[in-house]
Amino acid sequence: MNKQEANRKIVLQTEDLTMQFGGVVAVDHLTASVYEGEIVALIGPNGAGKTTAFNVITGVYTPTNGRVRLFGDVIAENKPRGKMKELYKGEDADAYSNRIVLKPHQITKLRVARTFQNIRLFKALSVFENVLIAHHTNLKAGVLRAAFHLNGHEEKMMAERSMELLRIVGLDHLADEISNNLPYGMQRRLEIARALATEPKLLLLDEPAAGMNPQETLDLMDFIGEIKDQFKLTIFMIEHHMNLVMGISDRIYVIDFGKQIAVGTPAEIQNNEAVINAYLGVAE
Amino acid sequence: MTFTTFIQHCLTGISLGGAYALIAIGYTMVYGILLLINFAHADIFMMAGYFMIFAMSSLPWFISIPVVIIVTIALGLAVEGAAYRPLRMAPRMSIMISAIGMSYLLQNLAIYLFSALPRAYPTIEPLKQNFKIGEVSASLVTFLTPVLTIVLVVLLMQLIKRTKIGMAMRAVSRDYDTSKLMGIKINRVIRFTFIIGSALAAIGSILYFTDRMSVTPFSGLMPGLKCFVAAVLGGIGSIPGAVIGGFFIGISETFLIAFGYSTFSDAFTFLLLIVILVIRPTGLLGETITEKV
Amino acid sequence: MKKFISVFLALIMVFGVVAIGSPATVEAADEKVIKIGVFEPVTGENGGGGFQELLGIRYGHELFPTVEIDGEEYQIELIEVDNKSDRTEAASAVQTLLAQNVSVVIGSYGSGVSIAAGELFNDAQVPAIAPSATNPQVTFDNDFYFRVCFLDPFQGSVMAQFAKEEGATKAAVITQLGDDYSAGLGNFFLRAFEEGGGEIVANEQFQTNQTDFKAILTNIKAVEPDVIFAPSSITTAPLLIKQARELGIEATIMAGDTWENQSIIDNAGAEAEGVCVSTFFDENDTDNPAAKDFVEGFKEFLNAEEEYLTKNGGDGVAAVSALGYDAYCVAVEAIKAANSTDSVAIRDALVDLVYEDGVTGSISFDENGDANKDMAYIKIVEDGTFKFLKTVTVGGDEAEADD
Amino acid sequence: MKKDFSKATRLILSLMAMVGIFFLLFWLEGQKSQYGMLISVMQKGVILSIAAVSMNLLTGFTGLFSLGQAGFMAIGAYVTGILTIPVDRVDSVYYVNGMSEGLKSFKETLAVLPSPVLVALALIAGGLVAAIFAGLVGIPVLRLKSDYLAIATLGFAEIIRAVIASPQLDKITNGSYGIKAIPGFDLGNGRGMLLIPFGVAFLCIGLIVLLIKSSYGRAFKAIREDDIAAEAMGIGLFKHKQLSFIISSFFTAISGGLLAMFMRSIESRAFQIILTYDILLIVVIGGIGSITGSVVGAFLVTFAKEWWLRFFDTPLTINGVQIPLLRQGFRMVVFSVLLMAIVLFYRKGLLGNTEFSWYGFLTWPSRFFKRKKPVSATPGEGGAGDE
């Protein structure tokens, strides 16, 4: 860790984060930090537990053990309880004694947004609606006010901002299209636009380049850089395309079988023996 | 309440529970595999009652019983083929509506074919013989129902444990997609499940209606829902669970009526359902499954 | 497919418009018609009894298909609707009748549906005549409801008196929850029996559509009553009787008018022997010439139609058929007396009507619209049929609305 | 953008249609003796349309398959019924056990209100009671997934029914005897038998449409489409499901209250599962996810069931030939077959998830006869309201 980093604010921090399903340990004592303004990548072979880690961070799963902090505040903390006590395979089973479980939507309200590995758009709704819905989390009007349409100004602002976002991701001309009818790459972009609509500070991207060809991947790389600057984002992403990862990441975490095997700058990782072994041992 | 009265109530409850258990197995097996509440199961049970009436009008009881079981199985398979198979890939809600629609159709069909007036259920003489043990008096069927239920369940468990098709059933209920990839013929397994479920419903119907002596197109509705609750109580997918659930509901229902709360006998079952789903959604003997994201 | 459905929809709409226009045009024919609504259950738990009552009405219509008003011959058209023994269906059945502008309505078997319908008849100012609905509430507080049979307070005390005469000191009562007839009659019996010095040892209730009575019967068995009074529907009766015997209960089982139905004996078999019921009419009663003619004619009417015979369970004459017939005759008489098709005029005529030739006795109405009747027939099941046992008259026990 | 008329045009057309419908209803009311059947069927149709739209709010827009409609209708019907029975009729209605003193004196206090106000209050009270129950029940039940939710809500409806019919509540609900003497639709001058139910339905359905077009309505749709994604976008699942459930129950209860006024006498048995199935039939036929569909479906099903297809149930002989199949019960068989056919072969129902729009309506004939490719943008047409 260099000096420059030490001065920056930590956005996301996981401590001994462990997720165990029955006897299977999907994430094993992951301790990672993401600093403000960084692009950090989480890589690893298939089934290494990357998406599970994302799911724990965003509140979809309750961790078996460990703690997650967001801007210093704890958003998830747990230790093995009940049946898990016997099944738990790791150590320090008593270090994180509080039980703090935030729901995904609460975490979103704390300015974390995500995309999904297997795109999860609101399929039957229009492109425009997909983005508009994501503004709902910041809605000020109550049900009655909204139902009687007394929040016209707010609605107007939401609509305008949604169009703005669509323009940024280049989908404004398709605003009325049903989202499911979009080509794959556009769906990915729409998902990012939707995530941006929740006004996040931390954006989690789960394999944003999956299924893209090299050219599209390059475009995406530029695109991620652009939105990062424009929206002052911190980005934590899972990705397999090494060109993309090496091209834009500030730092990279590598996990295998749930365990963190390496961390460092792209250059460091490229030369890390453990990483090479892990990849060669599994794929290619 | 004297001891004799208590025993008599217990007997009534256990007998009712036995019939419930047989029907509940049909629910639990189908749910285990298709994740579908087979709403029509209750009406298959009701239809079996009508089949018996017609069979017995011209055949002796010992021929009627196998005939009814076979016809009921045919009906069960027909329902599966018509209402569920075409929707294998459809959204859950469509399949459920289809199940409800099938139940609605069978009920209305029964009203149309047999009129809404209650029909007297034929008497199977040997089953109706009165037995007296001390002060406790009941017909043979009351004693027979729980015994037969246990025997059938033990047989069924063996079948599932030891035969190839039983193994396939267990595999499919554990993981539908993987089993499919492994080359298990899903449709065959599902058909087999419906065969067993319908056959048990037919037997349950004979025991249940012999004891109650009349059938209407709505006879299946409440017992059906109660049996589903029994299946949930015992843990959906678990056959011994369904049996325990069936007996539990049968007995508690009888005592509720005995204590003068007959209005709540149905409501109790549903209250039990909600409580179970909240406290222990997996039921008494069920297993936890984590949903994938 | 979408187009197909759209076309289908459009067709239905067109059809609908045609249908809207049509009701008024039907009566364009020369002949004058007066409509009598028949509001009876032919399905549901009371479908059997309702059909028997309907048969009496149809027989009456066959005998007297026309009526003379103002010197002109009017055809009587029966508009039959099925209330399905269900109070909700009853409401829509009544709407159907009223929509067809009936002048007077006959029905219904079952007090519950009659009570439910009363409000609608009263609002629409259409008089209704109940042949066999015995609950006081049917006519109480309703200027447009009449009935040609006796009432439950009367019937309840008749049965209580009979039970005492038979030497019973302990009685159990079983009633159906939510059924005005069953609960009402059970209650009146209970009161009369206790007033007469008897003891009610059990008062059990069951739900509509319940088929398993073992739990309540087990309770009753434990208190060893001499008689069980179980007024309920025809469909419930055989189940109750058989399950009681199965549990080894030997008390005499008694019930009200509904149980006088051959199907009960057919379904309960030998176990029905000894069951006692009170009823309105006895086909072997030769004192009344009108009744004699009716029984003969009605049997012929039944035998002419296969369906009637099977649904009636043979050619026995049920009391409700006789009452249905009487109700029809009363309606026709009232139309004659009113000399009008106007429903309010017919109601006014009913108030003052005295009909001497009723097969169930002379009929006139008191201020509540109830027939002044003071005699009931007690029948007992013997050798697979209802045998007349005796008549009971409760002197001076005016049928009055209970409150 | 989508093809549509300008806002002003639509507004004018809508106003014209409303005035037209108002006068049509007004005229029909005056012709009661001639169109009795039509009026009665229209009343029932419009009442069920509220229940169907409310169910659609849950099923079609929030993706919650609830089968508790009958229970909430029962609550609405009973609250409305109990509050509106004329005080002087109370004793004859509660002739078995009498009405509880507290309730009776409460009713006496209310009796000073003019009857239309009382009816309005009673309907709203019914809705609120149902909403409170929905809120309580929702806490455990809404956590459940599809089938379990369905069966739990169905069970809840049965519990409601049993509680209403229980002897313990004799003095309030008249136990299993049901209540009668509920006043009908009457504005005091023999008018209102159509205007009241249509007016109430207009308000209720209008409110639901407004809700669906609001940001909350979009949140509901998001949950329907993908609850995990919705939650990740910051939409609290429980809160929004609960909201939808409560609002739906509120309007369902109002429909129940109107039904009580239509039937004039009610009992707990009127609110069995079959009633829920009937509403489900309407929603499925109309199209899950289309308000217009539910309304059209309600009228179509009611008209067909209560009137046009009645002849299915009566044996018919033409020229001495008995037409086969026609007898008691055939009508309902036809309906159940229709339901199955729609579920199996035409899952979208009549309208899928499209909504009424003047443009679509007025240009429909020309589009229909052109036989060109069907308009591809039909889903969401006019529905994704974002004015």
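Letters are used for the chains, namely A, B, C and D, taken in the order the chains are written, and counting of residues starts over at 1 for each.
To be clear about the criterion, a contact is a pair of C-beta atoms (placed from the backbone, for glycine too) under 8 Å apart; a residue touches a chain by one contact, two chains touch by 3 or more.
Model, not experiment: these values are computed from the prediction.
Counted as hops between touching chains, the shortest connection from subunit A to subunit C is 2. The chain with its CA mean position farthest from that of subunit D is A.
Per-chain Cα centroids separate subunit B from subunit C by 38 Å.
Separating the CA-averaged centres of subunit A and subunit B is a span of 47 Å.
Annotation: 43 Å between the Cα-based centres of subunit A and subunit D. The set of subunit B residues that touch two or more partner chains comprises 111, 115-116, 263, 293.
Looking at subunit D, one finds that residues 165, 167, 176, 228, 328 touch two or more other chains. Along subunit A, residues 60 each make contact with two or more other chains. Residues of subunit D touching subunit C in their complex: 33-40, 44, 89, 91-92, 95-96, 165, 167, 175-178, 180-182, 184, 262-270, 300, 303-304, 306-308, 328, 345-346, 350, 368, 374. Residues 1-2, 207, 210-211, 213-216, 218-219, 221-222, 225-226, 228-237, 243, 247, 353, 377, 379-380, 384, 386 of subunit D touch subunit A in their complex. On subunit A, the positions that touch subunit D within their shared complex are 58, 60, 103-106, 108-109, 113-114, 116, 120-126, 128-129, 132-139, 141, 143, 146-149, 151, 155, 158-159, 176, 178, 194-195, 197-198. Those residues of subunit B that touch subunit C in the shared complex are 1-2, 4-5, 8-9, 12, 16, 111, 115-118, 120, 128, 130, 132, 135, 137-139, 211-214, 216, 218-219, 222, 254-255, 257-258, 260, 262-263, 265. The touching residues of subunit D, when paired with subunit B in their complex, are 59, 63, 65, 137, 140-141, 143-144, 146-148, 150-152, 154-156, 158-159, 161-163, 165-167, 176, 228, 273, 277, 280-281, 284, 288, 327-330, 332-333, 335-337, 339-340, 343-344, 347.
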